[in-house]
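Quick notes on the structure that follows.
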Amino acid sequence: MTDEPSDAQESRQESRHARGLRMLKAIHPQVGERVVDGVAAVSPDLARCLVEFPFGDVYARPGLDLRSRQIATIAALVTLGGAERQLKWHVRGGLNVGLNRDEILEVIQQMTIYAGFPRALNALTAAQEVFEEIEAEAAEEARQDDA
Amino acid sequence: MTDEPSDAQESRQESRHARGLRMLKAIHPQVGERVVDGVAAVSPDLARCLVEFPFGDVYARPGLDLRSRQIATIAALVTLGGAERQLKWHVRGGLNVGLNRDEILEVIQQMTIYAGFPRALNALTAAQEVFEEIEAEAAEEARQDDA
Amino acid sequence: MTDEPSDAQESRQESRHARGLRMLKAIHPQVGERVVDGVAAVSPDLARCLVEFPFGDVYARPGLDLRSRQIATIAALVTLGGAERQLKWHVRGGLNVGLNRDEILEVIQQMTIYAGFPRALNALTAAQEVFEEIEAEAAEEARQDDA
Amino acid sequence: MTDEPSDAQESRQESRHARGLRMLKAIHPQVGERVVDGVAAVSPDLARCLVEFPFGDVYARPGLDLRSRQIATIAALVTLGGAERQLKWHVRGGLNVGLNRDEILEVIQQMTIYAGFPRALNALTAAQEVFEEIEAEAAEEARQDDA
Amino acid sequence: MTDEPSDAQESRQESRHARGLRMLKAIHPQVGERVVDGVAAVSPDLARCLVEFPFGDVYARPGLDLRSRQIATIAALVTLGGAERQLKWHVRGGLNVGLNRDEILEVIQQMTIYAGFPRALNALTAAQEVFEEIEAEAAEEARQDDA
Amino acid sequence: MTDEPSDAQESRQESRHARGLRMLKAIHPQVGERVVDGVAAVSPDLARCLVEFPFGDVYARPGLDLRSRQIATIAALVTLGGAERQLKWHVRGGLNVGLNRDEILEVIQQMTIYAGFPRALNALTAAQEVFEEIEAEAAEEARQDDA
């Protein structure tokens, strides 16, 4: 069996929850906290789990850069299907960690091979919505700066 | 955001890993350790994660009895498809926590409605293999006791 | 081959259709009839089939209690994905046959292990919508009782 | 709600089970009975259900010819994935009801669009295995006729 | 390895793109061009790919008639799930190449066996929406002809 | 609609098929040709399509490096499930284009979040088999060099 890790040792370092929140803010600065709060309103335990396991345990691991991780996540969500909400969240996350729009569209187009055209076309619509939301937000910010 | 749980507090109690191993042994006394060791041979980190998240974090939660949890897991694995190895593991786990064979076959038959007949028929084969393995093990034990 | 069951014998007892309607009313007293009528408006044959096979043939079987059956169905629908309408129907059905909200949330949280977080998060939203609809209905009833 | 069909009326006609067996023999003369017997060895009830619902209730419906039904089934099984055993059964069934090998390969190739290349390539392997089994059977029969 | 096809030869004949557009218009006269334009607004490359691969390379193949191809596509999209937009497009395409409404409903009902009832019920809703849209369009046309 | 690309222009450049073969050799030097030959033995048309569309049209696109493309493909195949043969092919392809074993294991572990633990555990087994095959090949080569 695997060695039992020292929880005492962990507690002297950053907690899983603190590390998860830090990763969540790095990848999803705009929407991360809102998503977690929305989950917490129904199930505080699932919200805590969402911060600690995906973000605290997995994304925080050192073996793969965040840009590569977002490529993997976008590919997975396109393939999974029926996860447009999560895909939109991670398209934005991909842009946040250094992917550009064309790279995201390349990943989506490549998924025609593995997940088929319907999944890729649905993902394209989701990506387009994110791109438009970002432009609308930028326009709104520019409008407010002018005022 | 959710309150940050106290890791220090947790470390005074049972660790996630110890709790996960305890649950694993409760549900899968025969095969649990072997499965985790097999995973650890390729990825010790994924093995640790397998003990801590599914078993330490989820199955150990008090809100649902293990019999109900195994029903949910068997239903999920039948529906998922392509997870016959995990299904066999959890059919055995279901028997360990109090489901009888007929109840497991009922869950599989019910999945014809939601996952279709191919998934249910594949699950039936997996369940049958478990039942036969258990009988072979019992016969072998009886033979050894006689010797 | 299996023995041919006596249809004549069945017809002396409760018909598949009557039994299906009885089960449908037991599990889905509020929405069952409406769902079947909606299906019947497009395809009377599929509506008949929906009453007779899932409810008349499967849910009516004696080998598993309805509470366990709803756990299995909720787990299956979370895992399947893209079945939020049916999931909402069965979350309500689960409450009708004795599951409480926390137990349903436990099943959903457990599905993070087998179906992944996106499926579980979508299911959480669906469950929340059902809980809110039930509260709105109760508030409306209370309002009418006061009037 | 849908009108309650007369079970008494049905019992004067061909029973569901007899109709299912008749359809099963029409589509799967070689392997149908063997598959049902294999299921019955584990679960007689699921075996009965397999004869009565898919074959007795659905394939026996007059609105679509069997050739078209096998095209739909092959497309569905390629897309579903993890159902190679059922796919092989229905590739053979397709040949039995009038599809030729090239038409079956066309359906599989078309699925690259909707289900992706991995699903189509796995289906191609399954189809090839059926074609080879049929040729081996024909060679064996020819050998026995010569003797 | 496969022989390298002569691109020069192809360019003397109809190009993939021209052939794809021709097939797209044959199957989807009303909506095909609009769908491709919508894709092209986000990704001109994916739009070109959509015309050339599914329609130029696959649907244009001579080995299977378009009616059979639409049956396969509808079965695949029902099974895939989460592809209601594409399913609606192809239900209309099925009607365009000679399937009638009852045949499409038969394919959907048959999918209860392979993909389960939730997928079939979602598909039924999608089909119904197409049927209603077609009736609304016909009513609108009739109104305009009267004016 | 999209502009019709000049096929004549393409034919002056590298053909789709030649480009596909070139990409196939770059990503899958050991197994690519063998896989295509295996497909061609059943369906020469699907083999040609496999070279031209995924490799000639998609992987050859300049907008994303091959290392990123293999991350996306591995993530997709883990998520899809039931595609262990293709996953093994692409794990090897990933190593060929610059991913190391730990990065591939990171992608697989990350998929526990999106596709669940059964998909990730099956992928781990597939990856392990590839790693062992590569070691066995290296040992065999070393043995032959010594002779």
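Order of writing sets the chain letters: A, B, C, D, E and F. Residues in each chain are counted from 1.
What we mean here is this: contacts are C-beta pairs under 8 Å (C-beta built on N, C-alpha and C of every residue); 3 or more make two chains touch, one makes a residue touch a chain.
The structure displayed is predicted, hence computed values, not measured ones.
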item: Pair with more cross-chain C-beta pairs in contact, given C-D and D-E; value: D-E
item: Proportion of interface numbers common to chain B and chain D (over half same, under half different); value: different
item: Between chain E and chain F, centroid-to-centroid distance (C-alpha), Å; value: 29
item: Distance between chain centroids, defined by C-alpha means - chain D, chain F (Å); value: 33
item: Chain A residues counted as touching two or more neighbouring chains; value: 45, 49, 53-54, 61, 77, 80-83, 86, 105, 109, 112-118
item: Chain C-touching residues of chain F, taken from the complex the two chains share; value: 112-118
item: Of chain A, residues touching chain E in the complex; value: 81-82, 105, 108-109, 112, 116-122, 124-125, 127-128, 131
item: Residue ranges of chain B touching chain F (in the complex, touch as defined); value: 39, 41-43, 45-46, 49-50, 53-54, 77, 80-83, 85-86
item: Complex contact set, residues of chain C against chain B; value: 53-54, 58-59, 61, 63-64, 68-69, 71-80, 83, 102-103, 105-107, 109-115
item: Footprint of chain D on chain C - complex, ascending; value: 1-2, 4-5, 7-8, 10-11, 15-18, 21, 33, 36-37, 40, 44-45, 47-49, 51, 53, 57-58, 61
